[in-house]
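Shared chain: subunit A. Partners: subunit B in the first complex, subunit C in the second.
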Partner chain A sequence: MSKLRETKGQKLFNVIEKNAVPILFIIICAIGIPFSGYSLNYLGQEIITRIGRNSFLIIALLIPIMAGMGLNFGMTLGAMAGQIGLIFITDWKIGGIPGMILAMIISTPISAILGWMCGKILNMAKGREMVTSYIIGFFINGVYQLIVLYGMGPVIPIKDPALVLPRGYGIRNTVNLIGIRRSMDNVLAIRIFGLSIPVLTLVVIAMLCFFIIWFKKTKLGQDMRAVGQDMEVARAAGIKVEHTRIVSIVISTILAGYGMIIYLQNMGTLNTYNSHMQIGMFSIAALLVGGATVNKASIGNVFLGVTLFHVMFIVSPMAGKNLIGQAQLGEFFRVFVSYGVITLALVLYEIRKRRARYKTGRLLAQDQADMKEVDV
Partner chain B sequence: MKKVHLSRRHLYQLIAVVVVLLIGVIMFVIGKQHIFLLDNKTLESNGKTYPAFSIVEVQVNRIESLELGPRDRDRADVRGQKHKITVRYTDRSFEEHEVVVKFKVPLSQEMVLISLPALVGGAEESVWLQPYEIPVLLTMPVDDEPIITDEIMPMDI
Partner chain C sequence: MIKIRQFIHSFGWPRIIIGLFLLSLFIIAPFVGVKISTSLSDTLIRFGMNGVMVLAMVPMIHSGCGLNFGLPLGIIAGLLGGTLSIQFGFTGGTSFLMAIILATPFGILFGWGYGKLLNRVKGGEMMIATYVGFSSVAFMCMMWLLLPYNHPTMVWGYTGSGLRTTISTEGFYLHALNNFLQFRIGEKFLFPTGMILFFALMAFLVWAFLHTKTGTAMTAVGSNPVFARASGINIDRTRTMSVIMSTWLGAIGILVYQQSFGFIQLYMGPFYMALPAVSAILIGGASVNKASIANVVIGTFLFQGILTMTPSVMNSIIHTDMSEVIRIVVSNGMILYALTRKAEVSR
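Take a look at the complex of A and B:
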């Protein structure tokens, strides 16, 4: 099949359409930065901190996309498992990097079980994975609240009075993670041009990136890509489609648990009943801002997304205050943009799918017309 | 009776689980936090008096050193079981002394009281290192930490 003949204008439109979300965000940031009045040093420091804080969580989304399961809203399940690990280490008074590793060890089986359950359900809802995983997140949130609010204390022993509600059972609304606060960020931290760089955190993120690159080349990774492209073809080729999909969700959920622990060690405080709620939406929005789509995402999208999304996050309240005199308007703006970008990305995905079908038709017609000309 | 067949794959999985559990136990031991209450008060034990220092400098592990006057008490937050305490003081003849003691703290002990005069005075470990429990009546209700968040939804919506 030959290449579709397009005018320069059509080619330019295609490029803009393909990168609509990142371009939109670059424009928003370019306008917002001067109005916010923040120094480049401050912005740089904030971005470095947020890259260290959020990247791991966002990278956790890549594997289900590879397996054609779309954006894993069920990553909140892993986040809850990570939080349970953190509650235990806070009660046992285990601090520093050992505390973080122990929290990860505790979260792993919980994440794996939840991920396996989520994968099983998603196999029953093929084609509607995103909305299903979103609802599973709400369901497991109910179970999490039941355990944390009523189970911890009488059933699961929690001794620390600073953790337990005054009534004697249930965990307080906020848990002070003083024992592990910035314990990972501060190890090997260096200062360059007045900016504090959390070297160990960035090394861990880089290792995860290498893992993802390596994983794509393994048999399982290739199977996932095959399943993501066409499930029926993959099945005909002898790949266990359902099993592969479950494994992708399990890996994503476990990584999300680790990501949540890294995220919270940076924050230093666990908001027991809310921290995990927005994390899925938050990470997905950042990934989409980086130019990822429902069926295609790369490591480059993660870092571009986390940078652009967080620049918007940092500058919008101050830009709103300086422009209109109300910081609250900037807050509303970032809420609007965050949710809006997910909608925009999903709409663009559908438009692109239709356009691809239309292009294939046009290409076929063009080829047929060329053949007729040759015959004449 | 059915024979249980353990394949090589199962064996590796079992070894992996055991290794992870072992790492968990090691992390528990080396990451356990303790609070040391460093006490510079006159102590009487077994008929012997250990008088408080007029001024003493104390350093636990590599934490920044603390200076204590008579009847002063300060705290040091530490991790792990093995610790080193360095006490520096000047005696009545203005001679400087440094005493370094290495010791272990039981895993279950969250808070210990270290009597610096007894430690320097050569008392037994059970005299200068004593477990400490916060009196129940003195336990103040803990206020909730302020919520730090950068969530998408502002808290007041």
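Take a look at the complex of A and C:
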């Protein structure tokens, strides 16, 4: 197929438009950093901590995007499974790395079942996967509350009184994860230029990145990309479309569960009824800030996104305080930016989809015009 | 037998289960010491409070824009109207009327912009609507702090600027509609005539509008855009108009809600207000692209009925308040059910 001829201005516009979100964020950060008054050393330390804390969760989003199912707002399901695992190991008083591994083992079947269910439902709602997965998150949150707030105690035995609400059943609003707090970050931690680096966590994240790269090359990964490109063509090529889509969601949910455990071991406390709801939004916003779109995301987007998004997150309250005199304004600003960036990315994706169709039309017209010239 | 099966199929299992659940709650209630009259009265009041917001779903569903997850945008227009009316010093019933009048230009303006945006993203409306709602609420959080309000009942006492998170409507439009022609039957049963009448008026207006030429065009755009274009209807304009109507109804809806509830909730208050309204209309039998006034009435009554009945009845039976969990599961389960129905998607 021949290429569409465009002027230089159009090309430049395309480049800027394609990277609109990261460029916008670089500008926000460039303005915010000096006004916040934070030292670069402090910012560097915070960014390293947050890369270790959040990357795993964000990488979990990549596989459903590959399979053409959009941003997996259902990653909260995995987060809930991870939290259930953490509640159990806290109750059994198993700390450190063994505790984390046990929590992951507990979370795996729960994530798998939830992911399978989510995939089944999403197959019934093709074309509106995102809004459906978003509502599934809310729905399962209700079930999670039913289990954790009412079931844990009378039905599922919880022995530790520090975990249970004073009324005798249900888990407290905050659970202290003292047993596994920073247990992964502190293994092999080294200091370079006064920055402490959680080596093991970063190694685990690097391994996950290699897994994703390897996975893309496997038969299953190729199938997923085919399904993501065009479901009907993939079906004609003999790929089990529904099955592939379910597998992609299951993998994503299981990874999100592990990611949540890594996230919470860094935080050290679990907000039993809130942590999982926020994490979906923040992970998705961070990925989009990194330049990912609804149908295309890479590992590079993840790390760029974590860095930019969290710099904005750290500096905005202080910048707001120093600029206008109200720290609260900065806090509202970062909430607004998190939601705004998701909105912007979704809108740009839809507009681009339309423009791509329009471009194909123009290409066809151009080809026909060329042919006419040859005729003359 | 076949007829019953057809009825069940067309009505949908979830609705029947929810209806039976509510019925059983009403049957159990007297045995566990919950007064039916109080519950019924509460249900009616909550019906009136939420009815108009549920009604705000109808125009957008009709024009094929899907469920209005962006309801918070309309609510913000209403909040602006309400706070401005208080700021300008109106009191009593006048303040309610003025709130509606002041909210109207914001509703139209926001709705126009929102409609233009939705026209550019056809096919992905619902997800974008959700996030338009969220980001506008977050944006207004900043604005509530910055806008130059200075009425002493609304701003923070110690700084004298920035609106409070909750503002009492007492002395302004508290129960402006509730108390209109209100009457009592027995000791516990209160009938909020004014509010129900207002809802009926709004419902009638929407119904009448949908039967005008423009309204019919709206329905045509929703059910078959290609056919509508062929018959010379300007699709984008019709869609924008439906979004403006939905947004405006959302603004009026929140004002009705506040005058009964007694407080204006600012900041993150409107954040999750779309979900109950969306699930209410779906429980009433609407689908992603089909809705009627009857759906609104039935749905709001069933949904609000469950919300009022579960806490009191469940509390008396098992001494545990599980109503919040039941609300989450029922409302989101209903939305999921509607989103996954294939037959209606392809229509």
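Points to keep in mind about this one:
Methods note: the second predicted complex is superposed on the first by the 376 of 376 C-alpha atoms of A that agree within 3 Å, B and C clash if a C-alpha of one lies under 4 Å from a C-alpha of the other, contacts with A are read in each partner's own complex, and residues count from 1 in each chain.
Convention: contacts are C-beta pairs under 8 Å (C-beta built on N, C-alpha and C of every residue); 3 or more make two chains touch, one makes a residue touch a chain.
Since we're looking at a predicted model, the values are computed, not measured.
Subunit B and subunit C, once both complexes are superposed via subunit A, fit side by side. Applying the stated contact rule after C-alpha superposition, one finds that A:335 touches each of subunit B and subunit C. Of the two partner chains, neither subunit B nor subunit C is touched by A:207. By the touch criterion defined above, A:271 lies against subunit B but remains apart from subunit C after alignment on the C-alpha atoms of chain A. Of the two partner chains, neither subunit B nor subunit C is touched by A:30. Using CA centres, the angle subtended at subunit A by subunit B and subunit C is 110 degrees, rounded to a multiple of 10.
In the superposition on chain A, A:138 contacts subunit C only, with no contact to subunit B. In the overlay built on the shared chain, the residue A:351 is in contact with subunit C alone; subunit B does not reach it.
Shared-chain residue A:130: touches subunit C; no touch with subunit B. Contact with subunit B, but none with subunit C, is seen for A:96 once the two complexes are overlaid on the shared chain. Note on the superposed arrangement: subunit B and subunit C approach each other to a least C-alpha distance of 5 Å. Applying the stated touch rule to the two superposed structures, the overlap between the subunit B and subunit C interfaces on subunit A comprises residues 328, 332, 335, 338-339. Listing the residues of subunit A that touch subunit C in their complex gives 121, 124-125, 127-128, 130-132, 134-136, 138-139, 141-143, 145-146, 149-150, 326, 328-329, 332-333, 335-336, 338-340, 342-343, 346-347, 349-351, 354.
Those residues of subunit A lying in contact with subunit B across their complex are 50, 89, 92-99, 101-102, 105-106, 108, 161-162, 166, 172-176, 179, 267-269, 271, 274-275, 277-278, 281-282, 285, 313, 328, 331-332, 334-335, 338-339. Of all the residues in subunit C, the ones that touch subunit A in their complex are 69, 117, 120-124, 126-128, 130-132, 134-135, 138-139, 141-142, 145-146, 162, 275, 320, 322, 324-329, 332-333, 335-336, 339-340, 342, 345. Looking at the complex, you find that subunit B touches subunit A at residues 20, 23-24, 26-28, 30-33, 79, 110, 139, 141-142, 144-154, 157.
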